[in-house]
Amino acid sequence: MAGPGALSGAGVRRPLFRAWLPWTWTPWRWIPWTWIPWGRLAQLAPVLFGIATLNFLILQLAPGDVVDVLSGEAGAATPETMAELRRSFGLDQPLPVQYLRYLGHLASFDLGHSYRLNMPVRELILTRLPPTLLLMLSALVLAVSLGALAGLLAARHAGRWPDLLLSGLTLLSYALPTFWLGLMAIVLFSARLGWLPSGGMLTIGAGHAGLAWLRDLLAHLVLPALTLSTFYLAVYARLVRSAMLELHGADFIRTARAKGAGEWRITLRHAFRNALLPMVTMAGYQAASLLSGAVLVETVFSWPGLGRLAYEAIRTRDLNLLLGILFFSSILVVIVNLGIDGLYRLVDPRVTTGARRI
Amino acid sequence: MTASTRISAVAEGPAPPLLQVSGLCTTFTTHAGPLPVLRDVSFTLARGETLALVGESGSGKSVTAASLLRLVEAAGGRITGGRALFDGVDLLALPPAALRAIRGGRIGMVFQEPLSALNPVQRIGAQIAEAIRLHRPLSRRAAWARAVELLALVQIPAPELRARDYPHQLSGGQRQRAMIAMALACEPELLIADEPTTALDVTTQAQIMALLEDLRRRLGMALLLITHDLGVVAGVADRVVVLYAGRVVEQGPVERIFAAPLHPYTRGLLDAVRLEALPPGSALPEIPGLVPALHDLPAGCAFAPRCPRADARCHATPPPWREGAPHQGAACFHPLPAGTGRHAA
Amino acid sequence: MSAAPGLARRLLAHRQGGPGLLLLLAVLLLALFGPWLWPGDPWEMAAPPMLWPAEEAANPLGSDVMGRDMLTGLVSGARVSLLVGFVSTLIAAGLGILVGALGGFHGGRADAALMRVTELFQTVPTFVLAVVLVAVFRPSVATAVLAIGLVSWPATARLVRAQVLALRGRDFVLAAETFGMGTARLLCTQILPNALPPVVAISSLTIAHAIQTEAALAFLGLGDPNVMSWGTMIGSGREQLVEAWYICGLPGLALVVTVLAFNLLAEGLNDCLNPHLRRR
């Protein structure tokens, strides 16, 4: 249909296609142009540039350089060989040159070499990325769904015991250190009760396939994901509770009631749908902190992701790898933020469809 | 003597009234203690009739409307007394499921501010279709088609496109039309319109009122119009109920109220809108003083502190209901003599 | 300030601030008088290894896998946690106030640039940044304090900026400006004193977060090798987690209590320092 203003500006920008397409096959209309956060994409460059600069600064301020580390490892090294090494790494160049070279490397996504593991940092990170994404996503899903449920219950029973219980648990979970919570969960659920495995991602040597593999993975995922989600769960529960209470007196809720909708329908269809908005906003703010939490949780549960890689890098003082992880995880946060932006456009029609006043 | 006599006085028609409210009392719980917002409100509404409920802000008009569908209960209010017989059934005593069947089914309601009264994240069509499907066993598709028809009925151009819009995409007038379409979804016998034009600009106000009046006539509904705008009342209402500080102070046929008000308060309201009748250069008439605070009401007539005719008795005892003319009555010790209403215009 | 006793009284009466203040007092007393009550070196192997709490009177909270007394370790940890928490928050608050005040006061380009930097620090996963900083500059209490301070300021900066922006156009500020008051004096005498109350409240949260971050760093092996902190204890108890969970459990509990105290205090401060919310 080509009603006036029925679609976004995408159609308007491409009148040429109209001319030579004989029928109304308009694939570009199916691309959600307006969902793509162009503004945010444009903001990406300075952020990446900033992170790269920060990395370079840290490298420069660090006592000693790669060559010191390498020669310290190899034992006695003559000053000549060290100077030779420095030249080969370009460390004898003036700072601005080094800086530009560094930026150039990052721009081509060359994060350097891990001299401990003797592998390019990029490869190391990319192989460890999927488990981290799985962990973060599961934790986020758990936090959002359980948090929303808890918040709904608390709002429906505001001031009574479910609400008070929730506010007590919220306070507590704000104070629980993630890594300690993980350790205690291992003590209880895997050592004492023996319900769940205490670490790793898959049972080593079990060679499961298909459903058994999935079940094994999920069993390993439960504790880390729950541990990581606890804090955010509390945040969402509190958020949903206050959003629901605020919406309780909203005019459109009264309208729904006047239409004859029942209380549950009002709560879920009308109030909760609107309470989702602040939740999505909050998820955007928390991307960075979720990644920080993942580092600790992965360390505790030997989850083979980026965080575990960072822990290994700390133990072996592999600075190149650590800096690579910092750079990459920052990019990851930016990407997650972009995704959340898109999600927000999905749940709040007011962002994409500008007001049309007649 | 109050409630029963009043009802018999105004409802002597052959058919029983569609809505018969008697002795309605609503109290809000606040930090400062209970707040009696409605005190003994009584009126009747016949089938197909338009009744205007007028008064200043804070007089309890909107609370009366919300009390009828018991919407006050979710807003911290409590109905503490009275009855509201709708076609013989007391709305105030209905079990929840039966009440929900009436809400949006046999009684539709239109609110003041259409932008906030519509769900911001739901399409207009979906909101209307929901109102239909809550009461009629229609498929999604059929309900949507009906929603589009309703949008056409309220004279929204390109209804099938507007049905796919979200509230923020419509203009103020279109939003209110959509709101009316939603209230009409199940062809109610009674439409309650709570200040339906207050949030709109003047030209749109007239259009919306004309639409409401037209629909009422075509669908044979009764209309309970809540407004502070007496100009609106004159055009559409059959009868008028004047509220002051949670009490009915006067009611009667619209032409009587305008031509020969009994209560000094009604007179004050009329003077405040009748600017065209003023001799040039005279001061704007207004009712001196303020609406009394509901938690601190005077012992006698609530209007006495602002009333030019008040005497010691008015301040001491609440005035009883009196018939001043056929079908017209007021709660006043000193009603205005007939013929002091409308100046020759 | 003369308002201090009044504030303390209001805090004590507050539903969350009262318990928070009392818990904090308990931790403070432990840190101050602990070394005097239970003297000794937390690193000294003074008992048989892996004594459970209440097993021996000399080691009321037991001993760890190396036979080090748990209670002595907890006392040392309290001192480290509070020290790191306070000092790093001081750094963070200083940075945050500086950035926020300058940005909010001057606006325009300076503000945009400062906000870009703030956003950058909010995009980088702060804990990973702290890990990198501490790892690069060798773990010690000083590097931990600096690293945590350096990653914790953005929230304060945003808050101060918002406050300064709001106060910038107020009459008393404009009046002072027309008297010819300079930027620095205007900020220090007119704007900041009015902008500070919420900063105090958020600083309590920053302390709580700093304490958690320090513990996490020490847990990952990035603690000062010469200082016994709660995170170090938890990290060293991991190997015996199943047989002797109290080695990880007790310092963790201490952490929870301390962080809870500061969180509660933040709630209390927020309510008691906010003049608009003050109870009638």
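For reference, chains read A, B and C in written order, and residue numbers begin at 1 within each chain.
Going forward, a residue touches a chain if its C-beta (ideal position, glycine included) is under 8 Å from a C-beta of that chain, and two chains touch if they have at least 3 such contacts.
All of these numbers come straight from a predicted model, not from anything done at the bench.
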item: Chain pair, most C-beta pairs within the contact cut-off; value: A-C
item: Chain at maximum distance from chain A, centres defined as averaged CA atoms; value: B
item: Separation of mean Cα positions, chain C and chain A [Å, integer]; value: 25
item: Distance between chain centroids, defined by C-alpha means - chain A, chain B (Å); value: 53
item: Centroid distance [mean C-alpha coordinates] between chain C and chain B, Å; value: 58
item: Parts of chain A lying in touch with chain B, wherever the complex brings them together; value: 3, 6, 248-262, 269-270, 273-274, 277, 347-350, 353, 355-358
item: Complex contact set, residues of chain C against chain A; value: 16, 116-117, 119-120, 122-129, 131-133, 135-138, 208, 212, 215-216, 219-222, 234, 238, 241-242, 245, 248-249, 252, 255-257, 259-260, 263-264
item: List of chain A residues in touch with chain C within their complex; value: 46-47, 50-51, 54, 58, 61-63, 171-172, 174-180, 183-184, 186-187, 191, 288-289, 291-293, 295-296, 299, 310-311, 313-315, 317, 319, 322-323, 325-326, 329-330, 333-334, 337
item: Sites on chain B touched by chain A in the complex; value: 66, 69, 71, 74-75, 96, 100-105, 108-109, 111, 113, 116-122, 130-131, 134-135, 158, 161, 164-166, 168-171, 174, 179, 182-183, 185
